[in-house]
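You will see two complexes here that share chain A, one where it goes with chain B and one where it goes with chain C.
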Partner chain A sequence: MSLKDLLSPFFVWQRAFEKPYTTIRPTLDRPGAPAYRGFHINIAETCVGCGSCHEICQNQAIDMVAVDEFVGRDGDSGLRPRFDYGRCCWCGLCVDICTAASLRMSNEYSWIADNPNEFHFTAGVDETPWQDNELGYRRAEGYHLYPPKRIEMELLPAEESVKSFDEVTLGYDIEQAKKEADRCVECGICVATCPAHMDVPDYIHSIRDGDYEKGLKLMYRTNPFPGTCGRICTRKCESVCPVGILGEPVAIRWLKRFIVDQVDKKDYKRILDEQIENSDFKVAIIGAGPGGLSAAYYLRQQGHAVTVFEEHESGGGMLRYGVPSYRLPDAELDKDIDHIISIGVDVKYNTRIGKDIQFETLLEDYDAVFMSTGLSVPSSMRIHGEDHARVLSGLQVLADVASGRDPGIGKKVAVIGGGNVAMDAARVSRRFGADVTILYRRRISEMPADEEEIHESQEEGCTLIQKAIPVEILDADSPEQVAIKWGEAEMVDDPKGGRPRPVLREDRMHTETYDCIISAIGQSSNLDYLSKELQEQMAVEWGKFTPVEYQHTTLDKVFVGGDFANRTADAISAIEDGHHAARGINRFLNPDLYINAEQQHDI
Partner chain B sequence: MTLSTDNILTGHSAALDFAQPEPLDLTSGKYVKLWQGPQHPGITGNMSLELILEGDTIVDCKTHVGYLHRGFEKLMERRTFIQNFTVVCRIAVPEPTFNEYLYSHAVETISGIEIPERAIWLRTMNLELMRLASFLMWIGGMSGAFGQYTVPNWTIAYRDFVLDLFEEMTGARIYHMYIVPGGVRAGLPDGFRKRARDIMDGAEKMLDQVERVMFNNVVFKARSKGLGIITADMIDPYGIVGPNARACGFKRDLRKDEPYLAYDQLDFDVITGSDSDAYDRAYLRLQETRQCINLIRQCLDHTPTDGPFQADMPNVLHWKVPAGETYVKAECTRGEYGYYMVTDGSEFVRRVHVRGPSYTHAIAVMERLAVGNNIADIAGLMVSLHNYPPEVER
Partner chain C sequence: MNTVDEILDYAIDQEQQAADFYEDVAQRAETAGMKKILLDFSEEEKRHKKILQTVKTGEHELTPEQEILDLKISDYLVEVEVSDNISYQDALIVAMKRERAAYELYSDMAAKIPESHLKEVLTGLAKEEAKHKLFFEAEYDEHVLTDN
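Moving on to the complex of A and B:
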């Protein structure tokens, strides 16, 4: 102890003249730091209601509640997160996991209310004073709680793929599939969007568990063509996958294919193990395409005797004759079809209704009829000279190739159109060594074909000319050739707000000679097996049906589905039509079973 | 300084006499039983001491914990790996960051995740800022326990400035939840380094004043010198770690002995004392607080400004950590803080055991050191051991 120790503490008096550290509350407000984890903000418009915030919240402070405004929106669950501030610990994991980056936090930290129920609110829907706050916690750039990038599937290099009809996509291996399956947030928006409502999160879960047999069973509950859809599905599911909002969507289609690839065909019977008790009913199905066979599968499961009539020598419809084998190998299509047939579906090939058997006979002999004959007649370009011998239809070219016939296209080909058939025809022509030019009347961004089809066709060396309107088909010097006159188009905005319209520019005309011109601008249906009266009774318009409930037509006993009965005209919609019609036919045949709609069990 | 094993084996030291004492005759009228805590300003957190006094002198002390038991270890077995990181910070309220780091490090060790360079530095800085905040609060507590209420005002104010830095860096003042399995949640905000340096400069000046007012203080010296001496032979049998061990000359610091994060790239020495009484422990902590400021400055200089701060992570919503077990440790303000973790390959952790230094310091050491002291010094003695009861009870 020293004198210094006695005096030194009196130094504190020096501080008496300093400014205090404290803030004078409540006259002076101290705002939270710019990245403070304060009260929640949700941009309800951007939010898709995937529920990842609800999933990750360890306090169960978030409920997903339906908000009328958003119910029924495309790619939206219609739910929005509702916060319970009696439970929240402001960890911000909900913000970190938010797939749409719609959820964030303000830097507000003080909230006084006399009604405790106010602290239970739906952010972005219920009004809060901090909703427009610019500051607060946001997920940092470069910080992710799930991998934003998808595992790319390996492709055959373009220089090789263009030489053969070998499958272009090579499939995932187990490790790749598990990694890709890991990216799923299990929101189920895909289930709602998929026309067939496949159990996507569940079968993806089965990949993570390595239980492919379970995955296969789940897929067959809603889709008897998983191998096919795993390759060529239009995958509406991926377009709404919330993981794709900030990153790339989960490769749902490739994962579906992966499961099918893992299971051997001979094991299908054991795994799926359909228990069938025969009923007394007979159902006729016209067309062994995806719609017809899907209906056949689910009807047969209910025990009905199913007979499918198919005009070609093999089943599959457009899947076989419209989709080239480098996208969908025949063996894979057969894997699906063979299983459907194996449960006792009777298919009569080379049998055309209206020629070999009359439609009216079917109506008489069977308890119900399902029609799914699709769109098989190429649409006309409605230009002069279209009937030239060297103008081929895309469908015909594809069917010829699929049947092993030489399509006779020559070495220099022009393809007219921008849909998948056009792309397929172009890529098939490339494989026959032709020099291919694709003419499309609008812009590339507006092409209805799959993006990857457009990309791959260009990779394989097809020249794509956009905004090109065919004007006239002319004779060339040689009868083996044909010339086309086309004009450049200008895109004119639609004053009514529709999509821009291409308008021909008379001053920019081109004429070019080709060995053949493949027209692929659309298809329509062929209903020559139906009499005028029947067509009228079923209210057929422009060759298309508008089925009522459960794919039922206005005609008793008759159900329809597939491309001529829906707007999307793709395989998955046809499959769902078939499934749905099977439900409808079952109800129609067993009305007693379904007195109450809620008793309906899923078939 | 080495430990003489002779002493332990023969039990020469009174502190190493573990035989049951003769029971006291509480009906004799000689003794008074007094409960200090759990609601008592002189207790660090929610625990209590059952004291038996003879006059003013303590003849027996029993420590009681359990007032704060929230069952974190069990809670963690029912939460996913990502959810747990928001739970662990609550295990030691004044020092949540060490729990975040150790939890994340344990998960990363078992699942083989390597965190990027920038995350290593940001974690180091975060831990040192935490150490500074914790020490500042402790100095205030120590001073207050001896009846001096001026110094706490200064140190707690500066702790608040450090919390401001945390608020900027992590988005929260107390439960930062910044160190996440895989890295950290964000980089440094703009202008952070300048503001941090300013606060470090101010804190350093403030610590000089603290030394003048608190340590060069005849009252403080008179009361704390010779209080609660931890002898060298107690260190290993009791498992005493951190400043409590260093104050009696043990050069033990995990940051030097088994460097983790970026500590092998930082320039610092292990500070030791010699007298090992309450004053010496306090003075050692004051020096470590200064050292801490120095380390933060080094971190501010060295932390990379760009690059990734998070390793590639699986989808945390269904993250399964492979089966395994690990023990990870770090030097917190009170010594070795350890996490033992067992996983079974599922989405949940099978078992976590949290071992904080307060476990021995607050229970066994306190019971032993209290005996023979004056009742008025118990609060000071307890603070001088630097205990955080929540980490005893996990």
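Moving on to the complex of A and C:
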């Protein structure tokens, strides 16, 4: 060993007092550019967990993970994006696609931690120092990776539509449907919100693939009325569609209709190909509305002999006698109903339970009974003069028109109410050439009717007076006419909270004469076919049932569903009630089949 | 009825009579649901009675100056019959009308006498009844006038 080698460790020490060539960590004072694509920020409150960021990420750097505080929120998957910075390449596509614009990037790029697992974090949920960073990459305003506007549904011009009962909506063509289907981000949030839990993303996907038969099959798994719902569904699905946060929601209802329109009725049997093995059980169903026929369809698939008792001469219930044909043509309703009947459902028309056959007889003769007779009795306003001969009920007017009878409304009509029945009665009256005024006691924004119906009724020339409270019905000079006294309302905040309440202004009263007044303020059920004792046993309150699990009542054999057994009182909820009850009845009839939990989902 | 105590005794008795009335109708009601609602109404009246009893003993004060919202719903509705199968709508109408009648009775009495403690008590009682009327009218507005 040379002397130099021996002394060299001591020379190193002289370096200890020199300025270092390396920089001290962390790097100081080099902030990212204002629009730098740095660490992710998520506003977890506005994020709905649609998973578009996860889908678009080319590096699989984003997982969707459940976050307790968001689980169970309506219109929210309960999931939030979790980033893996071992994989992220900072391309920013996740920010560009974010439907809620909740995801962005900070201009922060320096992060030092001892534990590598920290670089795997749920943005906006796990605490990070850059969450409130004002700078960093944001999606440019107005920039969307998918078109924010839906493909508009072509409508008959209002001046044409009021002249006939022809269907107002004309449907999508193939190109329009594919374009609209392309706007779906396939998050599936709508599936949870749809009362029937229809497999929306997959049937929309079938439109992209041009495979309408597959789409039809998917729809029939949970809904045997796709043609009907494709036209008149209350479409709760669209209200939670995340594409609707920054733009217009995907037109799920019109896409459903498109699939049905593409498939010929004669091909249903071949496509749906229900394989039925007959059982030894007999089930009676009261009411051939959407609830009753939905139950019939799924019960028949389980092999049970199903007999539906219907008091009218045709099936469909409110869909036929309450929804005018310009919204739901009879042929389209029949396309759905005919297929249900075609798998071996027996419908006894013109048969009223309680009159032609006693309910107790059904209980004796059948293994189970499903009741779905809806809300068929118009509510009373309980104001003076209401029993005037020229005061008609909205339901009666609609039923008359559906049955081809002249509703006898005259040429100047006032409609009272703000729901769909009121809108339908008003638009039907316009088609009979009447001048129509709708009186609604609250504000237009609070009307329970479908927004499109409100809009179209106005387009078709109905005059809508909001904050108008009917006070009294009076005789007119002619017995063919009737007068109504109504007062303007002032909306006053309720001291106990809740929505503002209309208060009559007695100094602002109006009296006007009409050929008729159509009252459409609500409906209740008619349970004449059930004895008081049976109603008592089934704990009927205000004509409504509160079924327990699987739509079961407290009576052993009896299940219920539809408007008189749910809060929403719309077709899709009745359809789901029927499906749910079919599962319940099947369990009730075959308790042994359900010992194995896996078999619980086999309908 | 010239003294405050007499007036309060009368009002307490009226609340008890109302409670008895609903209990009586409840006994005759055909369904369990209706029975329950009517018994709830009866309980509500007993609650009113208790409040007035505490007013009499001085533990609670009436609030004659308080402004109570008047929805004016019952003013224009027809009288309904109290039958054994009375509906919820009609039961609410009966209740609203009874509260309205009580409100008017105390208001009229208060209007007829000069400024005094008695007048204040009568006005306070009228306001109490207006509160009860609002309770039933708000229920009617929310659950009967659904317009759908």
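Just so it is clear, the second predicted complex is superposed on the first by the 571 of 603 C-alpha atoms of A that agree within 3 Å, B and C clash if a C-alpha of one lies under 4 Å from a C-alpha of the other, contacts with A are read in each partner's own complex, and residues count from 1 in each chain.
Everything that follows uses one rule, which is that a residue touches a chain if its C-beta (ideal position, glycine included) is under 8 Å from a C-beta of that chain, and two chains touch if they have at least 3 such contacts.
It should be emphasised that the depicted structure is a prediction, and the values quoted were computed from it without experimental measurement.
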Tell me which partner A:G433 touches in the superposition: chain B (first), chain C (second), both or neither. neither
Once the structures are superposed on A, label A:E506 by its partner contacts, choosing first (chain B), second (chain C), both or neither. second
In the superposed arrangement, which partner chain does A:G86 touch: chain B (first), chain C (second), both, or neither? neither
Using the superposition on chain A described above, determine whether A:Y137 touches chain B (first), chain C (second), both, or neither. first
So in the complex, the part of chain A that touches chain B is made up of which residues? 1, 4-6, 8-9, 11-12, 15, 21-22, 32-37, 52, 55-56, 58, 89-93, 96-97, 105, 137, 140, 142-147, 182-186, 205, 208
Chain C partner contacts - residues on chain A that touch it in the complex: 379-380, 382-384, 386, 417-422, 440-442, 447-449, 471-472, 492, 494-496, 498, 501-504, 506, 521-522, 524, 532, 535-536, 539-542, 569
Show which residues of chain C lie in contact with chain A when the two form their complex. 30-34, 69-72, 75-78, 80, 87-90, 93, 138, 141-142, 144-148
Mind listing the chain B positions that touch chain A in their complex? 79-80, 82-84, 86-87, 148, 150, 154, 157, 160, 164, 167-168, 171-172, 175, 177, 183, 185-187, 189, 209, 212-214, 216-219, 221-222, 308-310, 312-318
